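Pasting the structures in now, so scroll down.
Shared between the two complexes below is subunit A, which pairs with subunit B and subunit C, respectively.
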Partner chain A sequence: MSSAGSADQGAQDGEAPPQELGLVGEIGATALDLFDGARGMYSVLVRTLYYTAYGRREPGSTVHYMYEIGNKSLFFLTVVMGFIGMILVYQAGVQAKRVIPDLTLLGATYLELLIRDLAASIGALMLATRVGAGIAAEIGSMVVTEQTDALRMCAADPIDYLIKPRFFASIVMTTALIIWSAAVAFTSGMLTAYSFFEVAPRTFCNLSLIDKGDLIVGLSKCVAYGAAIPIVSGYCGLSTFGGSEGVGWATTRAVVNSSLAVIILNFFISGAGIFLFP
Partner chain B sequence: MASNDDGSPGLFHTMGESLLGMAETAGGMGVLFGRILARLARLRFDGAEFMRSMYKMGVKSIPIVIVTALFTGGIMVIQAAPIVKRYGAQGLLGWGAGFGTLREIGPLLTALMLSGRVGANNTAELGTMVVTEQIDALRALAIDPISFLIAPRFLAFILTLFFSTLYADALALLGAAYAGKGLLDVEPSVFYNGLTSGLLSFSDVGVGLIKSVVFGIIMALASCHFGLAVKGGAPGVGRAVNATVVASAAGIFVLDYFVSFGIS
Partner chain C sequence: MIAIEEIEKSFGHNQVLRRVKLDVPKGCLYGLIGPGASGKSILLKIIAGLIRPEGGRVVVEGQNIFEMPDIELQKFRANFGMLFQNYALFDYLTVYENIAFPLRRMTTMTEEQIRERVADRLKRVQLPGFEDRMPSGLSGGQKKRIGVARATVMQAPYVLYDEPAAGLDPVTSQRIFNLLRDEQRAAGSTVIMVSSDIERLLTVTDRVGMLYRGRLIFDGTTAEAQESQDPYVRQFVHGLVDGPL
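And now, the complex of A and B:
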C-alpha cells in the first residue's frame, strides 16, 4: 500500500494527490478547486459586510489604507492612462480616416467609450496588479509569520482588522482614481488629436453623446471593481501556506484572479448596461 | 531643503531617491539583458530547463488565455454595439473588432494576464531560490545561474507570449463573432466577411505580434531582475512580486505607445 501512503503524504502537505486522475478526474478536481475558491471568496465577502455593520470603527486605519492604495498608485496610474489615451486616439484616428474622412465626432465617441468602459476597466486592471499584489503580499507575509494566528488568539477576526479597512479604502479610492484616470486619458487624447489630426480641442470636448446610462454604467463598474479587488486578493493572502514560496504563489494568484474578476465583471456589467440603457 | 523640521526627508529628497531607484532598476535590467544575450548568442543555455519552462509557462497558461480572450471579444462587441447601431454599419463590425483586437487589445490583454500568471510566478520562484540560497549553491558548484536558470526562462517567456497572442487573437475574434450574433443579430459570416474584405491586412496581425515580442522582452527582464534582487525572507518575495507586476504593466503601456508610433 505504498501508493496510499504517498497519497496521504500529499494530502498532508496540502497538495493534490500524485496519482493519475484521468481526464474526468482532472476536470472534477478543477471544478472542486474553483468551487472551493468561490466559496472562500463568498465567505470573505459576507464576513466583510457583516463587520461593516457590526465591527469595530477605526477610521484611522481606513485613512491609512486610502493613502496606501490611492495616493501611492496615483503616479503609476497617471503614466499608464496618459499613454493609453495617446495610443487609443492615434489608432482610432488613423483607422477612422480610411472609412470616414470627417473626424469631428472622434472626441465625442472617445469620451463615451472612456466613461462607459475603458477608463474603469483599464484603470482597474492596473489597480488589480498594483493594489491586489500589495494586499496579498502583505497579508500573505502576516499569515506565514503567524501574525494572523496571533490576531485570532486575541479573539480578533483578521477580516475585521485587515480586510474591512482595505475594502472601504479600495472602494473610495478606486472610484476617485478612475475618475482621475478618465480625465488624464481624455486630456492626452485631446492633445494627440490636436497634434496629429488637427482636431481643435473645442471640437474634441464634445459631451453630446454622454447620457445618464453611460455615467451609471461607468460608476457602477468603479464600485464593483473597487469591492472585488480587496476581497479576491485578501482571500488569496489569507489562504497562503508555506514560507516565502507560498507568499509568492499567493501574490501571483491575487494578481491573476483579481484581473480575471475585473474582466468577467466588465462583461456582465457592460451586458446589463446594454439592456438597461440601450 | 534636504529634510523637514521633524527630520523626515523632504520632497526633493524623496524625488531624488525614487529617481535613483528607477535608474538602478533600469541599469540592472540592461546589464541582465546583456548577459542573457551573450549566453543566448553562443547557445549556452540549459535545454531541459527551457522545455520545463515552456511547459510551465505556456501549456499551463492556456486556460486563462482562453477565458480572457473569449470575454475580451465579447466586450469589444458590447462596446462597439451603440456605435454600430447609430450608424447602421453592421458590415463594419468585423473590421472594427478585428482591427482593435489584432492591433491593440489582443497583445495588450494577453500580456497583462500573463504578467500576472507567468511573470509574477517566475519572480516568486527565483525569489524563493535567492532567499533559500539555492542560487549561491549553483555558483558554488560552478554552474552559471544565468545560463542554467535565467536565459531559458527568458526565451520561454517570449515564445509563450508570442504564441499565446496568436492564439488569443483567434479566440477573441471567435468570441466577438458570436457576441455579435447574440447582441446585434450580425451573422458570423457577415462578421468574417468584414474581417477578410481587404480593410485588414497581414500588417495588422504582424504589428500585434511584434508588440507581443517587445512586451515579452520587457516582462521577462523585469520578472528575472526583481526575482534575483530579492532581499529579506518571505515579505521580500512579496514585495518583489509586487514590483514586478507594476514594472511590467508600466513597461507594457509605455512600449506600446512607442511601437504603435514606430511601425504604423
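And now, the complex of A and C:
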C-alpha cells in the first residue's frame, strides 16, 4: 500500500490564478487563437485529403450526405436566388437607364457576373449558413456526448468517418446547387427585365460575353467553397467543448467562419481570375 | 500490465493531473476513486490515448502509446474496450450496428460471425432481442448495458469503464458491477474502472487508487483501502461527513 499523503499539498497548490494580460497581451492572445484556428483547419484539410487516399470507404455515406446537403438545400436556394435575381436585375436596369437608355446588354453582363462571381458567392454564403451550421451542430453534439471518442476507440478517426464523406458530398452538391442557383437567378432576372424594362427574353439570353475564363473561375469557386464549408464547420464541430452551450457556440463559429472563408476565397480566386483570364 | 508514469495534464490554468504514477497488474480489476473533478475520467482517456498529456508516459505491453504515430495508435486501440460516462452510443445506429461497429472497423470477421458475436454479447448483458432498437428508445440502465456489450465485444485485453453505474438505481447498479466483474473474470482482461459508487465498486475490485486534486494519494488492495487510516481515503471510502475533504 502506498499513501502519498500529499493531499494537503494538492489542496494548497490548487489552480493557478489566471493572469491579467493587459491590452497587448489580449491582442497577442487573440492572434494566437486565430493562428491556432487556422492551423487546426489546415490540419483537418490535410487529414481529409490523406484519408481520401488511404482511408476506409463507407458505402453509401457520401450519397447520404449528398442528399442531406443537396436535396434539403434546394428549396431554400431556389427561393433566395430567385429573389436575388429579381432584385439585381431591377436595380441594374434602373441604374443603367440613368446612364444609357439601351438595355440590350443587360442580360449578357448579368450572366457574366452570375457565372464569374455572384451565383457561386451568394449561393455558397447561403449554404454556409444552412450546411455549415448543420455539420457543426451534428459533430459538436457527438463531441460533447463522447461519441467522437467512441469512434476513435473503434479505430475510426472522426475526420475519416465524419468529415471526409461530407467533404466530397459538399463539393459535388455545392457545384450542382450553384449551377442550379445561377439558372434560377438568371431566369428570375430575365422575367424581371421583361416585366419592368421590356427586354425581350431572346435579347436577355445573350452569351456573347461569356468565355472560358468565366467558366473556369466560376467552377473553381464552386469547388473551393464546397471544400471549405465542411472543413471549416467540421473543425468548429470537432473543437466543441462543454455541453449544449458549447454546441451553440460551435454552430455560430461555423456559420461565421464558413462565411468568412467564402469571402476570403472569393477575393483570392477572383484576383487570380483577373490575372489569368483578364 | 499498464504502467502510468509521471502523467501531467492541464487545461489552461487548471492543472488536472500532477505527476500521477500507477501500475495496474495484468488481469487486475482496478478501481479508480476520488471526489468530483479529481482527474479520474481524464486519466482514463489518457490511458486510452484519447488525450495527450503534457508530461509522462503510458506504457502498455511495453510500448509507450504516446510515442506511436497516430495511425499506429489507432490500430493499437484494438487492445482496448471502453465504456464512456455518457454511454456514447451512436444515436443514428441501431443497437446491433452499435455493438457490431468495432468488429467491422477492426476485424475481418464475416457478417455471420459478427451477428453471432453481437447476439452473444446481448445475451450476456441480458438484453437479447434488442438488436433493432435505437438508443433513443432505451432506458439509462439499458444504454449502460449496451455500452458494456460494445466495450467488451472485441474481447480486448484491456477494458476501461468510466462511471458504469452513474445515475442507476442501486439494484441495477449492483447488477452492472457484477456483470463487469463476471466479464473480467471470463476474459481474464485487465480492467480500470472509475466510479463514484464506492460501496458497490469495492465489492468487485482487486486494487484501488484514489485521486485527489490531480494527485494519486492512495494505491493498494481493496482491503487496504477499506482499512486505510489516511484521513482523505478514510473519509472518502467510508462516506464520512467530517474530515479534510
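Please note the rule applied: the second predicted complex is superposed on the first by the 257 of 278 C-alpha atoms of A that agree within 3 Å, B and C clash if a C-alpha of one lies under 4 Å from a C-alpha of the other, contacts with A are read in each partner's own complex, and residues count from 1 in each chain.
By our rule, a contact is a pair of C-beta atoms (placed from the backbone, for glycine too) under 8 Å apart; a residue touches a chain by one contact, two chains touch by 3 or more.
Here the structure is a predicted model, which means the values were calculated and not measured.
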Which of subunit B and subunit C A:Leu207 touches, first, second, both or neither: neither
Which superposed partner A:Val46 touches (first subunit B, second subunit C, both, neither): neither
Which superposed partner A:Ala156 touches (first subunit B, second subunit C, both, neither): second
Subunit B versus subunit C as contact partner of A:Thr145, first or second or both or neither: both
Partner chain(s) touched by A:Phe267 [first = subunit B, second = subunit C, both, neither]: first
Which superposed partner A:Tyr90 touches (first subunit B, second subunit C, both, neither): first
Which superposed partner A:Leu276 touches (first subunit B, second subunit C, both, neither): neither
Residue contacts with subunit A in the superposition, subunit B compared against subunit C: B
Residues of subunit A that lie at the interface with subunit B and also at the interface with subunit C: 145
Residue ranges of subunit A in contact with subunit C within the complex: 1-11, 14-18, 56, 145-147, 149-157
Of subunit C, residues touching subunit A in the complex: 12-15, 18, 45, 48, 50, 70, 74-75, 77-78, 80-82, 84-91, 101-102, 105-106, 150, 212-221, 224, 228, 230, 232-233, 244
Touch list for subunit A against partner subunit B, complex: 76, 79-80, 83-84, 86-88, 90-91, 94-95, 98-99, 109, 112-113, 116-117, 121, 125-126, 129-130, 133-134, 136-138, 140-141, 144-145, 243-252, 255-256, 259-260, 263-264, 266-267, 270-271, 274
Residues of subunit B defined as touching subunit A within the complex: 64, 67-68, 71-72, 74-75, 78-79, 81-83, 92, 99, 103-104, 109, 112-113, 115-117, 120-121, 123-125, 127-128, 131-132, 183, 199, 233-239, 241-242, 245-246, 248-250, 253-254, 256-257, 260-261, 264
